[in-house]
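Shown below is the structure under consideration.
Lettered A, B, C and D in written order, each chain numbered from 1.
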């Protein structure tokens, strides 16, 4: 286990930061520009995972396992969330026969 | 003293009682009952005043009833002051009042609201008595406003005629303008002296240096009040219109008593005026100017009452001229004699109007001396009196005034003499056109009933012999009235005339001669042949101007009434409806509009929401960056 | 205990009405309850010894200085008298000029009276505020349900406008409460003791004054008043003008003069200027009004202007005069609005055009009206005169020219009141089918007329109530550091 | 702790009851369980020990909030039977999901570790995503759940980013560590501020603060009324509890304070101004909920300058405010359901017309609750606002506070407009059908609002 940590520590922390920020931004922008709900959900996952990456990196640098527990929780919750999300998507497909997220805009003003 | 207190309270209380009786019983009482009661009340209060007068010991008595307004350092009692001045005014008011009440019984007996009329007439007597008896300015002010209100009510007594109501309002409002001065003067004096009791104010004021600006201001403001009440320039246009009221009202309120309240007020505070020579000059010249104004306008009036009204204005001018010269004694004397003959003139005129069934235009009269004998004779006496023909009362009072004016300022004297000539002219014009020549009207003239003629006779006698009250030294008398009034709280009117007897004789001779000359001229114009004025339209300019009362009413209408109405309308239509209300309502509307606009942001598109959230995040993030 | 009774009697009576809903005797019950509270007020007056009374003092929420303190000083007592005396008449108006469902109307009026008693009894700023706002609710519903045209819009506007002031006041109360030493207390006694720094008083004055200025209303904040008065049912207008407006004047005395005296002193010239201008402005407007009720509304605003101006002159005559005048003005307004109601009830409209020449048909009514006019133009020996006289003195002692401006009001007052009287009563009979004043109207107006004549003759009965407190107020101010 | 377990088990139990189609038992069982939980919380009032390795602390603050939320949930459950009367299947899930969400709420009030914060938010949210979409065949319901899910997930990502950054600085998820670090670093560290900011973003989303409020109106309007009630009440309480806990434990550096001020002002403005023109009652309530969030943020703001853990006055105010607000909201939304049925499905504000004529008592209750929301004296809403004002002035936020006063005035306007409807006679006759249970709940809420308004010390 220990050598994993060291392996992680090879790369300076800032690089992890930048990378995860990049991933996060990619996800965010993707969620903004794409209208297909499935892709949007994927983008959200990407954002979450960027956070996971960051957490792992930190835990390595702090040599504290807490963050990795957190990562597991995040994965778990993300799974649950996506389940719900997809089920909602299914409903949506049934009702509107489309997966374009702006098709649903009856509620406004 | 109890007796004095009781009487002093009775004097005003009786007319008030009359008000209640005639007022509450106005439906049940017959015309004569109401008139009788009202008259009785005033008569009784006359008797009470007479007893007080006879028992007067030359001292000043304060009858303290109760503390009226008491705040902090201000304690204004409800009290009467019994001294020579107030006693004299009480006598005049109740005396003349009684006669006029009596006369009214006959004059008003067939009016449906006669009881109300008498109630208001009694109320007037009550207020007038408060005015003259008040021991401090504020109690006087009660009466001051009270008489104003009564005059408003009585002028508009026949309320179905809009013109009369207008006249009433005009009178009241103009008086109110004067009252502004009075109120401010009182505020000033209270601020200065910490009291409003005449005795204390005069006592403290007397210690101040002559020409003290405070005194000048106070006296000027008081005089403003006086001009309002006594119809002096510039606040005189209400008096002629006030003739809309029943003739007895004109006689009592607008000739004999109320209009002299201004004179009374000035005499009351003569001590202050003595210390304000500046104000005295103003009083003198306002008086002179008014005398001239009234006299000129009187020349070409065709309404019998209007003529008398303007002559009243002019006579009041004489009184103020006297006060201006500091000759308070003769001022009061003229108040008295004027009360006699002017009341008489009005009542006689009323009798004529009554005889002609309401006709007031002298062009439709004439030749009445055969029909209405008593009226004619009494009217003649009064006319001679007002023109100052010796030895009638008017001669003495007017001559006294002329003399002291000459002493003070020859120019003023000249103007007043001229005014006296004009007076003689228009009075005789009136007399001739009314009683001489041939009847030009359509009605069937008849002499008035006894109840009306008796007062005429009494007044005629008074106007004839009234002069005896104050015969000057030059005639071997010793100015009894002056001496008597001098015993009042604050030695009034004691100005030994510094004129040689010779000068006095000359003055008398001059004025009398001129007057007689004028009378002859009037005779030649209106008695030998009857010349009638047409409408103002076809007169030469100056004459038209005079006939139209120097356009004073038009001037005021143009200067004040119209602009005021305009402002009032537009303050509302612009200030309120265009600015104030729209502003509030507008604020609300604007907010709602903002809401309407802002809700559009909630487009309903999820991607926009995401975008908006991200923008929010980024912006705030940048802020955090810079503020961290 | 009496003080609590004052608040409870009307409140319980109102509840009774709401629960029992005795349509037939609703007015009777309401009248009895108001007379009952009037009796209590008179008892308080009778037992008044000249020293401030604290009836109830009880903790509420100590943390925020909210305490339930009821009591009254001379000025408060005067206000209680005002409320107690006028409400029987306001209720009585319903007999001759019924509006809406008697149960609800009277219940609302009673609630309003209860709240008003609360306002004048409260000795704790927070308590004061609560009652201050509670007075609004009944009026709000009264106007909303039984107002005239545009009632919904106007009512809401009025409600929000007054609440704006209220919230500003609440803000000020919260602020000053936090300035008090721990444990915080919003009692007037405590608040009066703290001397806030000048720069605070400068702005705090306005946040407080706003509420009262809107209530009265004073010139720039008046735009709600005429339309509301005109639209409101007669009883509502009476409450608004005769009693609720006085909360403004009372509030100025208990809040501004006690808590921000220097601020009040500093701004007094501004306030006096605004008030006097507003007074003249309203008086001028009143002259050419074509709507009788609106004309009276403007006259009321004009009077309030004068009162507020005199209040800020900071001398015994101005303040006492104003305090005295609150009562006079209340009586006057009830009379006037009753007359407006009675006349427009007969002619079917408030418009002067629909009136004129009524005196021939209704001479007795004209006489009553004449008395009221006399009071309205402040003839001496009517109730209004001593008040105005004192206020003029106050103004004069503050500055001669303001006194001049103030005195002009008696001219303008005469102009518009007499003109109104003429337009209603005088002139040729236009054969409008109207009936003369009946016994009910006499039983309503004659007592009021007696009141204002008697008080006018013996104003000291009112003045001696305020004299002491006013002196005390002035002394406490002059003794400031 | 035991309460947490109890509620979770209760949820499962309810689900099983659903399996055996004991529809009429659901609400009673749920309520009994909740009362039990309340009792347990109450017994735990004085014990204040950390649990789960110090990741959760049941102190007075959290227990107070928990009891409050439990009570609100009880009231909502009391509304349930009538609301679901027409619905045959899948009623149990609704109750169960609400219970699960409630567990999330409990965690949010008592977390002392960012990990638990994250978990709590998710446990609270995920059931709500489902509940919002409970009406399977209603497009609106579907849209509501979708938007809620989408935006929720989005904000979660920010929250996590924030947590990660904070962890990166302190090397621990524990709030105390964070507080400690801040006290020594003085809170001027950029990364720290970013972390704090991202976490605040996530929380701001939950409480519906502008500009993260976009979900509120749409979701409230779309989701079933009962669910909306739950969101507007319990979720708000939990959200602010979490928010306060975070702010109070960590303390508020000036940078964050500035952000908070902006959030507050924006929330007050947008919430109130947009509400002015709302004609759909649910949407109106949604915006009013936003505006109330604004006032609550104002209260949070006055925690600025207090050192960590000393904001109990603020906490108390938040509890009082949210609880009384929830009371009024429940009552009104139940009334709304009744009116909606009476006007066959319309949601316009004017469906309340004729209420006073038909049901005077309920009308008066409605009046009380509206006035409470508007903040008129003698109602709890007024006291709540007054507390906020006191706090804000005490903390020196005078200008923000004055702005709040103005906005409160706007608030009064739109509530008054609805009140007006209540007292208007309708054009056509409407018959309001009120089940005794609903009547009870409404009366309870109204009376509660008034009683709490007169005796605020009760909370």
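Note that in this section contacts are C-beta pairs under 8 Å (C-beta built on N, C-alpha and C of every residue); 3 or more make two chains touch, one makes a residue touch a chain.
Source: prediction; values computed, not measured.
The innermost chain, defined by the distance from its C-alpha mean to the mean of all protein C-alpha atoms, is C. The greater number of contacting C-beta pairs, out of the two interfaces C-D and B-D, is seen for B-D. Chain centres here are Cα averages; for chain C and chain D they lie 43 Å apart. The geometric centre of chain B is 79 Å away from that of chain D, both derived from CA atoms. Averaging Cα coordinates per chain places chain A and chain B 99 Å apart.
Distance between chain A and chain D, defined via averaged C-alpha coordinates, is recorded as 27 Å. Listed for chain C are residues 160, each touching two or more other chains.
Listed for chain D are residues 146-147, 150, 154, 217-218, each touching two or more other chains. Along chain B, residues 599, 602, 604, 606, 610 each make contact with two or more other chains. In summary, the structure contains touching chain pairs A-B, A-D, B-C, B-D, C-D. Taken in their complex, chain D has these residues touching chain B: 146-147, 150-151, 154-155, 158, 188-190, 193-194, 197, 201, 205, 210-212, 214-215, 217-218, 253-256, 258-259, 262, 270, 273-278, 410. For chain B in complex with chain A, the touching residues are 599-600, 602-607, 610-611, 614. Residues 371, 376-378, 383, 386-387, 389-390, 393-394, 398, 401-402, 405-406, 408-409, 412-413, 416-417, 420, 423, 456-457 of chain D are the ones touching chain C in the complex. Looking at the complex, you find that chain A touches chain B at residues 28, 31-32, 35, 101-102, 104-109.
For chain D in complex with chain A, the touching residues are 115, 118-119, 122, 126, 129-130, 133, 136-137, 139-140, 142-147, 149-150, 153-154, 156-157, 160-161, 163-165, 167-168, 171-173, 217-218, 221-222.
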